[in-house]
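Chains here go by letter, A, B and C, matching the order in which they are written, and residues are numbered from 1 within each.
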Amino acid sequence: MGILPFVAELGLIDHHCHGVLRTDSTREEFESLLLEADAVSPLGGSFFDSALGFAVRRWCAPLLDLPRHASAEAYLERRNSLHITEVSRTFLMASGIHTFLVDGGFQPDRLLSAPELASLAGAEAREIVRLEHLAEELSTAATTNEFLYQLRLRLRSPSVVGAKSVAAYRMGLAISGERPTEDEALRAMYVWQTWNPGPLKDPVVISWLAWEAMDAGLPLQFHVGYGDSDIDLHRCDPSLLTPFLRATSGLGVPVMLLHNYPFHRQAGYLAQVFPHVFCDLGLATHGLGHQASRVLGEALEIVPYGKFLFSSDAFGLPELYYLGALLFRRALSDFLADGLRRDAFLEEDAHRIARLIASENASRVYKL
Amino acid sequence: MGILPFVAELGLIDHHCHGVLRTDSTREEFESLLLEADAVSPLGGSFFDSALGFAVRRWCAPLLDLPRHASAEAYLERRNSLHITEVSRTFLMASGIHTFLVDGGFQPDRLLSAPELASLAGAEAREIVRLEHLAEELSTAATTNEFLYQLRLRLRSPSVVGAKSVAAYRMGLAISGERPTEDEALRAMYVWQTWNPGPLKDPVVISWLAWEAMDAGLPLQFHVGYGDSDIDLHRCDPSLLTPFLRATSGLGVPVMLLHNYPFHRQAGYLAQVFPHVFCDLGLATHGLGHQASRVLGEALEIVPYGKFLFSSDAFGLPELYYLGALLFRRALSDFLADGLRRDAFLEEDAHRIARLIASENASRVYKL
Amino acid sequence: MGILPFVAELGLIDHHCHGVLRTDSTREEFESLLLEADAVSPLGGSFFDSALGFAVRRWCAPLLDLPRHASAEAYLERRNSLHITEVSRTFLMASGIHTFLVDGGFQPDRLLSAPELASLAGAEAREIVRLEHLAEELSTAATTNEFLYQLRLRLRSPSVVGAKSVAAYRMGLAISGERPTEDEALRAMYVWQTWNPGPLKDPVVISWLAWEAMDAGLPLQFHVGYGDSDIDLHRCDPSLLTPFLRATSGLGVPVMLLHNYPFHRQAGYLAQVFPHVFCDLGLATHGLGHQASRVLGEALEIVPYGKFLFSSDAFGLPELYYLGALLFRRALSDFLADGLRRDAFLEEDAHRIARLIASENASRVYKL
């Protein structure tokens, strides 16, 4: 149950992550960033008693010169005795991720930007523009024309390699297969801003933004499945996207299904049948801790191996990039070792599958 | 694949079960109580040819002094040669369950009551009040005030430690996040009793009862997922409860998601993100027989270990308490042994996880 | 991880498959028939880089006198150097399937008919009539009476042993529990043919056809779950069939849930609680390649063993019959070997379970 050497040495492209926190964390903040809950509850006990909590103690403690399985208290004490920049650099460097595609549109003030992250990690970073956040920012534009101009300019910025929709959080994934006209979108924008200012939830605007991103040729990421308590999980089943995927399948622009747990089999189905659909298991890979192998195996059941990517979906805590990469490597290694043991493919095939998933699919799709 | 010694010796709190039958069973009755079907069909063959049927032959036969894997015929012959009280005592005592939380609201005439169960098992028993059944019983009250008084009195009875909603069977789990007013509830009650007497299916009344139980501070259990042919399984996905969970998350009153199979991953998600949500794998644990380990592993993927409980959901046949406990121990042991083998946590951590799930979470939540 | 001898020798009834192609295949055609995609996309790479692609190279190459794991190029070159009849015969004979139940209603011009398939394989073949296809064919009948007469005659043809509904593709599985009257059905037919000619999508006609098939006593197959990009996967959850299953449970006519992935647990639940419901894992079994064992284990969690059947759902490529049978045998063997290792049942029980699933359930249900 170690890691196959060729998997341990893979350079990774993390095609979906966020920035790391600029500051130290209290225990309360650390625990709440560990899982997707808003806060720890005395009813349910410490989040260190979870698969991910144990993974922090097992795998992260040694990188801070503590013994494996150091207690939560010892871990946080040691962590806070160091400068957060040093802690972050340690975990980022140890992840083996050489390129980060960063969605910087959620809580940007708390987090390092993409260039800061790249610099700290000694790696490359490129930007993923978060569509709803961008529309919210630009919605104060003086005129409609100015809004459209700025939006389209930003989608074509050289630093941007992809777009992301959080429709899952705002309306669910039942996006229409019919493209709204520009007029319909602008009318819906007006209604949103006039009558219901605040987070963008209008389905017409959200769907129109997705098409605009595809016009710009940007691979379009969708949050799918597992997230925090703001989602209604049953509305985040990726098969709800089918009409949209059918409508966009001829454009030659990739659609990336993120996370997907517990709908990773549905995502694999979509990635198999639609030429432009890809998927990953971000967030779940580290969230599952020592059980990640079974679920990665499930995620790889029917998806062609040219259609699956690595991502961490790490947010805030540098430990999550490291664990995202490490537990992904362990799970991928288990998958390949099992295939080799069953004589399902040759060792050279296993190497090729590993390279595809670790970085080559991302390079091809995002044209890195 | 044995049981780790510290798991074998765990005292269990069964936070959701029913009573045992007062009488012997014919083969037909035994088979129909084994699974969730109404009856055995000649089209499909004997239910002894199922995971649970084989578990009865493997594990229960020796407790009746038969060889392992005794035939179904030999098993039932031996069982019926003994007094049912003796049979029941044997299996209840062997389960290692020291406290039963009993939902006595389904077919109470056929079953031992909570105190009778306790006495037979040499254990403790406390009551879970079944909300829809209670409302049906009290609906003959002379006046609305009398109904309200009796309802609230019963919810505050010292013997009652929790409430249970079978909304899943009556309306599905898409309960509104808005609390009905008392007036709305009483109007809906009137319509139900006047125009549509019979089982309570009105969504306003069912939802209002859930809030009344939470007012009384009672942990509120929901049937979720797997049950008999009266449910529409897709309407029993626990994520349909999200609006209700969001609305009640600040009350500090626990919500317990029961069974959950095949939505146990969705249940684990909800238990992670909502501070007051807990879950179990009752019914499925024994229903899966020798395959329980994989599914318990799945159920424990992302749920914090302070949020998961043991239950049998046993009904009628005393074998089901024993198998519920035994197969749970085996599956929990497999989960912990796998974690230890992978060095995911220390042995002392494994002990703590085991105690939390076996009884400590239940003690804390139900204030036992 | 070999195959238990008694599983290797099982004669199989394939209760759901299609015909094999009459002609050789180009690489493009071969790859597109391998998976459920319409075509291979340069965005995502070759479908040989998939679980099924590797299974072809591993298991099919030796039957064409190539080494295991021969490259895709070598495999296709060798395959095309042989006559397609010889290739087809080789794989069909090697499958160990002695009876094929053939749905010949999809792309009949490209494929061998049931009798041709039987002759080539040295096996038996019987017909499954595809209801929507039949209605489309007969819809040019001169009169309503002629339509009804021909429909009912065909459903009672001696060569027909079952019917199949592709409601999943045309309307989803949310079929009403109320039987349409003949008048309602004929009115809906008229509207379909007059205003919307083309594939039958009318829910009243589709549902009425299902009832007509049951009137004829034909086991009624439903496509469920996994298929090509024409389905909306979330509308193919078998639990959407619950009202229809409840309404038909007293008829004594079997309902067969086909494929089911990724809803195989839901299918197992339905097969457990409804006396007339049966299920399989066709298409997924070979689609999953070396990972088929885990999913077959899941599919067999709560279904009584008298309710589960083998099928390949092979279409077009003769390799798929062989792989469907071979990977099914491997997965079934893994399931039984695991049960024996855990002492869950006796070897004679394992033999009986194997025979039930391999052929006896199909013999009983289809009265073969």
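In the analysis below, a contact is a pair of C-beta atoms (placed from the backbone, for glycine too) under 8 Å apart; a residue touches a chain by one contact, two chains touch by 3 or more.
Note that the coordinates shown come from a computational prediction; the quantities given were computed from them, not determined experimentally.
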item	value
Category of the chain touch graph - line, ring, star, complete, other	complete
Angular offset of chain B relative to chain C [C-alpha, multiple of 5 degrees]	120
Interface sides of chain A and chain B: same vs different residues, half threshold	different
Centre distance in Å when chain A and chain B are each reduced to the mean of their C-alpha atoms	36
Per-residue overlap in chain B, given as positions that touch at least 2 other chains	294
Residues on chain C engaged by chain A in the complex (per definition of touch)	1, 35-41, 43-47, 49-51, 53-55, 57-58, 68-69, 226, 228-229, 231-234, 261-262, 284, 287-291, 294-295
Touching residues on chain C, where the partner in the complex is chain B	237, 239-240, 242-243, 246, 249, 252, 254, 265-266, 269-276, 278, 294, 297-298, 300-307, 338-339, 341-346, 349, 352-353, 356, 364-365
